[in-house]
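The structures come next, written out as structure tokens.
Here chain A shows up in two complexes: once beside chain B, once beside chain C.
Right, the complex of A and B next:
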């Protein structure tokens, strides 16, 4: 029977199959350029997922995730360009740097909630943005750092490198998929349930014995990790890092992508990011003012689908299955989607 | 010493202009519970409208009346079209006002273009004071800002509409039960918020550059004033704006502008963590 769960599984498999087929399929039906657009969408989806982990699952709206993205990015760029590291140590440096800064800023930030949390996260990211702009010798400021890409690995005679477009695509796909899988496991775990309990009512969560502060800090560091991986991947993808990616507009875009796609759903950020980047890519070839359309779409979605596109889809699916099941099953147990 | 005085004066005047803009942000935030990401762009639209007014009429003074009026109408329309349908849900309001910010910026890019422009001050002369030549227009800007601030507080405390606005902010349910038309108060508040930012834009237009990006730079500063002054504390917001700009002006006299900006951000983090109710809690309600 076609229950929502079966439909979701079929769609997930179809989506996975599509992503694997992209490097061969897309050049045939569109052109090669769109393969790299899809790779970019995956990276930004991961970044939006870090906003979603905080806002959608533990109820903290961070407006400063660009800071951790930026640390991931600069970790890689400084690692390769200044310290002369090879691929994996640089990747590791980017991730460790973003986790470390997420931990340090999280210790302060998660003491606050709601408006105050949103504002202190943006303040922290602005402090480091201005810092990165001013210490030009280290960061290159707004111009950024360009670097030559080291090979990812070479075992025997086989070398894998981002200069091979297919290798680059699959490396990004594998890393992003792994992160989403980890996030899915966390959300399904007792830890994830505790996050949701805090999101829904933090006082009640504290009363049943959850350490709210500690759990918020854990979620914050996890979100910093996701944003850091996205930033590190983006540095490898663009062979470049720049302070402009730490500005609050970048954080704001991720918030928009996550909420428009559907906060509190695993694939919401993917849907939102895809929508906006595809609009950008299509419209910008015809009309330079694509941001106008992006703004209008963001407003229309929050007016007509306040739970985001995935939320809208889930609601429609639930209504549809209720109608088809009503005849046979009278009593239905509502479980969390 | 001369540069210190000059930068301190500039900071003070800039702070008064920021106070106007931040007040708009604060009433929208306090009354509608909306984090208005587009507020910096309301200011930017004000500067651009001032430029257009000058182009069309050849008279800059017209802008002081016309632009806040246009701002008020735009704000009221935006509230009805964009803000009302999302029922003051804070997270959605961030997305909606972010979208609004993009639309305003792109709208200005389409009509006004991307080149930064300058407006000559309508009062060109300078005067001599404590060994420096100071532009008279800047003093005039300070005067206009002060008058507008005073006018706003008189409006808030001495008129029926102002009382309604305070009542809805204080206790929405009771205010509605007492017959205050809350929906109209929301429209009014958003309109006034836009008008204050737009007036700030007109006043600042001859001091700063006119371009589509200025709003993005000014927004964090306005939020700082609102937070350091204390959420919902309007006189506190105005005082914090002046204090912050004054301090940045002084720091700029011996260090890089970026250092000044970082110092005020660090100050703001400290305020958020130690006194989230703002620096001036207890002075006024």
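Right, the complex of A and C next:
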């Protein structure tokens, strides 16, 4: 019986199998370049998921997630280049740095909602953007920090390093998949249900006994964690960190990806990010104004599929399954004596 | 007399030049169903907002079972066991009926588990199923609450109040906008609840008030106009003048009392 739940499971398995096969499959049908594009898409999907956790699940629209992405990047780059850390401590430093800054800014930001919240998140990211640009000795300013890649692990002569393209791809895949799995668990947990209750009706949520401020802060720090992991991965992926990734333009892109893909759905950000990065990669080589296409697609989706592409897909699937259920009921009735 | 379940001392709330609740001192003893009535703008809902923490009082104090709860935040008041429904029906529209009950049941817990699946909590699931039966919404359990009829939303609100095991229930016009059949169902439910829970109800439907209330407080212009049992209130000249003044309403009240 093909219920929507079965179809979703089959698609998830097929999607997972495809991702595992990418390093062998893609060089054959396209070329090696697209393997690293797909790795990049996974990192940016994780970043869009951070916007989605806030906007789609607890109802806070952040235009400043790039700040936490940037802290993840700089944590890694400063850790490796300045402090001489190896892979894992630098990775940890990036994540801890982004969680810490998310906690500090969240304490102020989640007192506000809606456009006030959006504005304060932009302001925070701008403050740190200009700070990062001006503190040249620490951050490298506009040039950023380039660093030599440390090996991920080295056990008995076997070394895993991002300089091996396959290792890099699978490390990114595993980390992003783990983060999405954690998010999936949170969404289905009592905590996740409380998030959605606050998104739907925050006054009522307070009246049933939920500490709205505290829960919004928890969600904000979790989103900072997701953005920080994405930023740390991206630093290892690009072997550098730059203040330009803390600019609000980067935050805004993630908002578009999450909303077009489907805010409030686990895989919406993946769909949105994939769509726009593929458009960018294909069109930008032929036409420099690829942002026009991005804008047009975003406007069309917001008008015709307000719940995003995944929301549209889910609605169609539900309609289809209702129709087939009705049909099977009718057939049963007809066969009755 | 038992100790007051809810007591206020000189409670005052001003909105600019308007004094919505004016020096209100109330004493509501436990194990009685209290109704608060009064014309529009008398300050009834503002009084509920002050008790439940949605508004901060300008002066005065609120005591719940002898404990000073003035100035507590809404979730802190809620965790003491004071639950309320809203005049304008208010649920979580995108959650299903069952999830609405579910999240309400869990909201009072200190720690919300971040990773365990919500559906694996058997104790809560049984409670939700039991409550769905009680309010008669079992068939609609998986429907998003935003798609329910007005009367069903009101029943869901009552269910959400029940499942949180309140010690004091504040109902703000629970039958407002209900059909006669729905009103009857809700009134029966409220009567049944009143046997175990202290209830304060704001209600405009006089037939409902005189049917269920043990004590009635009449508010006007932010203060208390009169209080007493239903017979005393219906016989009170000032109440008749201020609130029930129009002749056709008088007949209606008579009818309601003798019904």
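In the analysis below, the second predicted complex is superposed on the first by the 326 of 337 C-alpha atoms of A that agree within 3 Å, B and C clash if a C-alpha of one lies under 4 Å from a C-alpha of the other, contacts with A are read in each partner's own complex, and residues count from 1 in each chain.
Basically, a residue touches a chain if its C-beta (ideal position, glycine included) is under 8 Å from a C-beta of that chain, and two chains touch if they have at least 3 such contacts.
What you see is a predicted model; the values in this text were computed from it and never measured.
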Answer with clash or fit: chain B and chain C placed together on chain A by superposition. fit
Quick check for you: in the superposed arrangement, does A:212 touch first (chain B), second (chain C), both or neither? second
Have a look and say if chain B or chain C is in touch with more residues of chain A. B
In the superposed arrangement, does A:96 touch chain B (first), chain C (second), both or neither? neither
After the superposition on A, what does A:196 contact: first (chain B), second (chain C), both or neither? second
For A:111, select first, second, both or neither according to whether it touches chain B, chain C, the two together, or no partner. first
Taking the superposition as given, does A:127 touch the first partner, chain B, the second, chain C, both, or neither? first
With both complexes superposed on chain A, which partner does A:8 reach: first (chain B), second (chain C), both or neither? neither
Regarding the shared-chain residue A:296, is it in contact with chain B (first), chain C (second), both, or neither? first
Given the overlay on chain A, how many degrees, to the nearest 10, lie between chain B and chain C at the CA centre of chain A? 80
Taking the superposition on A as described, I'd like to know which of chain B and chain C A:185 touches: first, second, both or neither. second
So after superposition, what is the minimum Cα distance from chain B to chain C, given in Å? 13
Once bound in the complex, which stretches of chain B touch chain A? 35, 37, 82, 85-86, 89-92, 94-96, 98-103, 105-107, 109-110, 216, 220, 223-224, 227, 231, 256, 258-259, 261-262, 265-266, 268-269, 272-273, 276
Chain B-touching residues of chain A, taken from the complex the two chains share: 55, 61, 63, 108, 111-112, 114-116, 118-120, 122-124, 126-127, 130-131, 133-134, 248-249, 252, 255-256, 259-260, 263, 289, 291-292, 294-299, 301-303, 306
Enumerate the contact residues on chain C facing chain A in the complex. 52-54, 73-75, 78-79, 83-84, 86, 90-95, 99, 102-104, 106-109, 112-119, 121, 160, 164
Write out the stretch or stretches of chain A touching chain C in their complex. 182, 185-186, 188-194, 196-197, 199-201, 203-212, 215
